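Presented below are the structures under discussion, each in the form of structure tokens.
Two complexes are shown next, each including chain A; its partner changes from chain B in the first to chain C in the second.
Coming up: the complex of A and B.
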């Protein structure tokens, strides 16, 4: 390769590599990329394809094109699917209208260094590190027929409120449990964002005689745009994909119908079929808008 | 003049408001902690004490008997061992591959840098359920190919690989945005000195990545430790499952042993509680590294 004057200028950035360096670079990106594509992207595309087929899952040759049959089955012949959608929508509304705003409010108050803010921060942060499995067990202690709440209500076991079994309560109880963790999670994210905001912004607003609410709404909230998007994305994705906790409580059978559990029942174990693939694709399509919003937010500078 | 007076009145009413807010937050904080405190309390009480005096009674004695019992009867050491042989390699490989990708993408200009980064970050956000069926079939097929069906399916390595493949996307994204803040001159001078790509990465860049690697390491450990789904679907032998996934079955098996289960849950939470008490700074900064750029 001949080096002209023009190339020399950029040679610090774009130099020629020795054979060994080329090999090193190739391995450096080749290995991770292979693993990622082979275990994430390829299977994802394969599932999308499989969702349009019938397959017993044993011999590749047996795969039969079925068109939209799996989806038709889900949409028109599986009432449980619509029940699950309803539950997930309520979940999303609850998170969106109550849990997430509470997390933001909490972050805002803690950021103002209100009295006791260090203790509050720790208390609300604690559930965030726990696994959904442990959270399920911990709450089960409070709510089971012989648990704390029924004990407090003074009900004997025979008349105890079945918080997880009774349709009147179970969804709300589960939402409270999920919020227990979600509120702290949102608080942490928002708090970190608030810490990065210029303090003079707030002072200027205070001098102008703005009330707390005005300051938040007109000054802080707009300045938090990037974090707001992340928080919205997390809220939607967590509401759509919720699974662990419900599974822990009901053991994957019956109980509260929710998309995550429905997908699980249809892709793993005895009930596995390509209808499960279609369920997984539906789950994916429901979260595609927040995924794109997230990527757009994170790659705004790069793409420009 | 009037605005000063108004300002003072505002300030006073704000003070009252702040006190009320503080009290409300305090009450909620106690409610927030209660479920954990209650589990802890239950785990320290002997079962017969509750039988004799009722659930809401004051304890006649508190001890660690339930813990010793739980460790033995629930075989917790086995499950912790299973967790360790999954979590440790998975976190290590995720960070290693993530830093390799981030290094090449930010330090060498290729055409597809942004596209690569986008591919990895987007891959990280796909639902696990969307990839499960083919991964499962591929693991079995590979097993048949080498003559050992359980080489990846029902094996810790299969779970490790899927975690690495997924989490790598997040690690790459976080590490590359950190690497962008490291001055290019450092890399350039290494190259002028004739350092190979290999030396450039291991001797120059990797040491500089220590802070984000520490944060990511803590975050990844927590996530992988807390994972429930993958170990549930990719393992069929209960005794091979890590503690988090094993809890589901243990809960069913020991459902009547109220206090034993409480002790088991507390023990299962210990590693994450260590993160809470000791590694909080790393955990939080790991979380926010990915959510807010810079």
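Coming up: the complex of A and C.
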């Protein structure tokens, strides 16, 4: 009985798809799937394969299997790789401990409609509409040896503060530049989430005599869970894939080592080798693994 | 490398390829015959500069070609770093028919990847206007020519005559290392930077390494080192850095924050006594004023080891290639033939932008004082090298040597570990 019923159901369901439906569905599912596979999965898998080869990137028939040689080279022979990892980790810590919390704080303050909040909102949002590359160009104008700041300090080129060349400043200068945009971005995301929170939650907390901090920590923050996940994922991705600003400032050859630039250095131009592909795979794993781990844990908690 | 050239093994596939190429050749010949008399169709020209002076110069060349042949030429310009970074992809995609490039290893690499057009027949026509050394620099590993030279320039110590006169220093008298150190000390005493330096781009300092290595250890060692036949961990290389370290106190402190043109500004603005660089920037001085250009002069880098004197100079050759994937190879060839011929060279000279052409037809008596001195610097040298990133593997020079030298500037005491790392990174490179 039950089987026939099920059969009936499926057959009925099947019948409801007209040829036109199938075509539409096929197009709506097939086309994006095709594009996704062709533009995301194929290059990604090809990069992973190529990271195990020697190749100059020109003739397909010149590809030579190299096993783990590229990875060995990176891990054991290239001190610059570890310098880059260090910079990316500092970047992540900075974003995680300073830039992102600052963005959240600003969002909270603006949501509380402190005096002049409209002005702050626009001021902090402004950099978000600019790409990192444009931000790099703007700050480069300000901070280079013949730039605005050194001009203001009255320093000739020879005595100019070496904002981008000196290890004492360069990483922090770059982080401040990147935060300038990141803070506004996080603020915007968080503000959107805060606006969606039911005002009665706050009222209830206030009636129960909760302080501002308690309200945020115990009521608002947990209610913001979906936004929190997005903010954390974005913070991780933005810090690990950082590239464009550093590339604009240093021109993609040398300068401050970060993983994104190492990928570019080794895969673009005449010096192309599949060491660049190996860097790309490392970068991919570094950004995907913590995110998957984090999301898995979050979803498990949700199920519970 | 030699094996590749002399190995005439014939197998079936090669024969088939040859037959196919032959067929194409015949088709090409008929097409050529069809074209003869008329124009060659639209040609596109790719310049690897967006700077003012070279653009005027190249446009002068293109305009003269158009005026002469009536062929249509599109001029596409790309900023030079971006052009270099994209070259592989550019040549495999839809490149311009002919483009500006450099001689030596950097041309040979792309020629051996079959991305450049063999232009031996162009050399048959214009070859007698060039010295043999230029033909060698234009030749690929297979013995065919792929490159037409445009200009050369030596790397040397540049200075401003008026500044030196004020200080009472005669750079012509700086013959050896001790003279040079004394001069730098004197400049420092005057509150000036002795030697303007830059390395933000990761390549500028390679010129200083080249010359110190050649002066201290000689041409042969330098070439062998870059070819991987000598070791970076050799004490002789350490000696190079020991000398270099002695120059650091006389340099501007923000070497890593300046690109070559930033260091040039130091000379232009009279903040520095000397600037070690390729003479190509004469055009930038001329953009400022004729007076600044006339004030510019060059002397060879001083002798360090009397065994080698001043017998080597970095003198890169720039020029043109034809891209195989271009849509109009014949047009590209025709244009670079014109560029290599004295007629094209004259068109570039007529723009008034200073150029030392590789062509023998350029009247050396028409050289200005600065150019005459550049020639003297060249003539004093017995051996000519291109430049570190043109004389060694590109996957070593760009991503490895560049950052290593930058790291050394940050911490000169790290020389031993830096050199060990350079050697182990060289050893880890795949065989070519």
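Odds and ends about this structure:
The rule is simple: the second predicted complex is superposed on the first by the 250 of 304 C-alpha atoms of A that agree within 3 Å, B and C clash if a C-alpha of one lies under 4 Å from a C-alpha of the other, contacts with A are read in each partner's own complex, and residues count from 1 in each chain.
Operating definition for what follows: a contact is a pair of C-beta atoms (placed from the backbone, for glycine too) under 8 Å apart; a residue touches a chain by one contact, two chains touch by 3 or more.
Here the structure is a predicted model, which is why all the values come from computation and not from measurement.
Of the two partner chains placed by superposition, chain B and chain C are both touched by A:268.
When the shared chain is aligned, no partner comes close enough to touch A:198: not chain B, not chain C.
In the superposition on chain A, A:164 contacts chain C only, with no contact to chain B. Which of chain B and chain C touches more residues of chain A: that partner is B. When the two complexes are overlaid on their common chain A, residue A:260 makes contact with chain B while staying clear of chain C. After overlaying the two complexes on the shared chain, residue contacts for A:66 are found with chain C alone; chain B is out of touch.
When the shared chain is aligned, chain B comes close enough to touch A:294, but chain C does not.
In the superposed model, A:47 lies in contact with chain B only, and not with chain C. Touch criterion met: A:77 reaches chain C, while chain B stays clear of it. Contacts of A:241 after superposition on the shared chain: chain B is touched, whereas chain C is not. In the superposition on chain A, the residues of chain A contacting both chain B and chain C are 57, 146, 251, 264, 268, 272.
Partner chain A is touched in their complex by these residues of chain C: 81, 84-88, 92, 106, 109, 113-115, 193, 196, 199-203, 252-259, 262, 265-266, 269, 271-272, 393-399, 402-403, 406, 410, 421, 424-425, 427-430. Taken in their complex, chain B has these residues touching chain A: 3, 6-7, 10, 14, 17-19, 21-22, 25-26, 29-30, 32-33, 35-36, 38-39, 42, 54-56, 97-98, 100-101, 103-105, 108-109, 114, 116-123, 125-127, 129-138, 161-162, 164-166, 168-169, 172-173, 188, 191-192, 196-198, 201, 222, 225-229, 232-233, 244-245, 247-248, 251-252, 258, 261-262, 265, 268-269, 272-273, 275-276, 280, 283-285, 287-288, 291-293. Those residues of chain A that touch chain B in the shared complex are 12-15, 17-18, 20-21, 24-25, 28-29, 31-33, 35-44, 46-48, 50, 57, 106, 109, 112, 114-116, 119-120, 123-127, 129-134, 136-142, 146-148, 151-152, 180, 184, 188-189, 192-193, 196, 209, 211-212, 226-227, 230, 237, 241, 243-244, 247-248, 251, 260, 263-264, 267-268, 272, 276-277, 279-281, 283-284, 287, 291, 294-295, 298-299, 301-303.
Residues of chain A touching chain C in their complex: 54, 56-59, 64, 66, 69, 72-73, 77-80, 144-146, 156-167, 250-255, 257, 262, 264-266, 268-273, 275.
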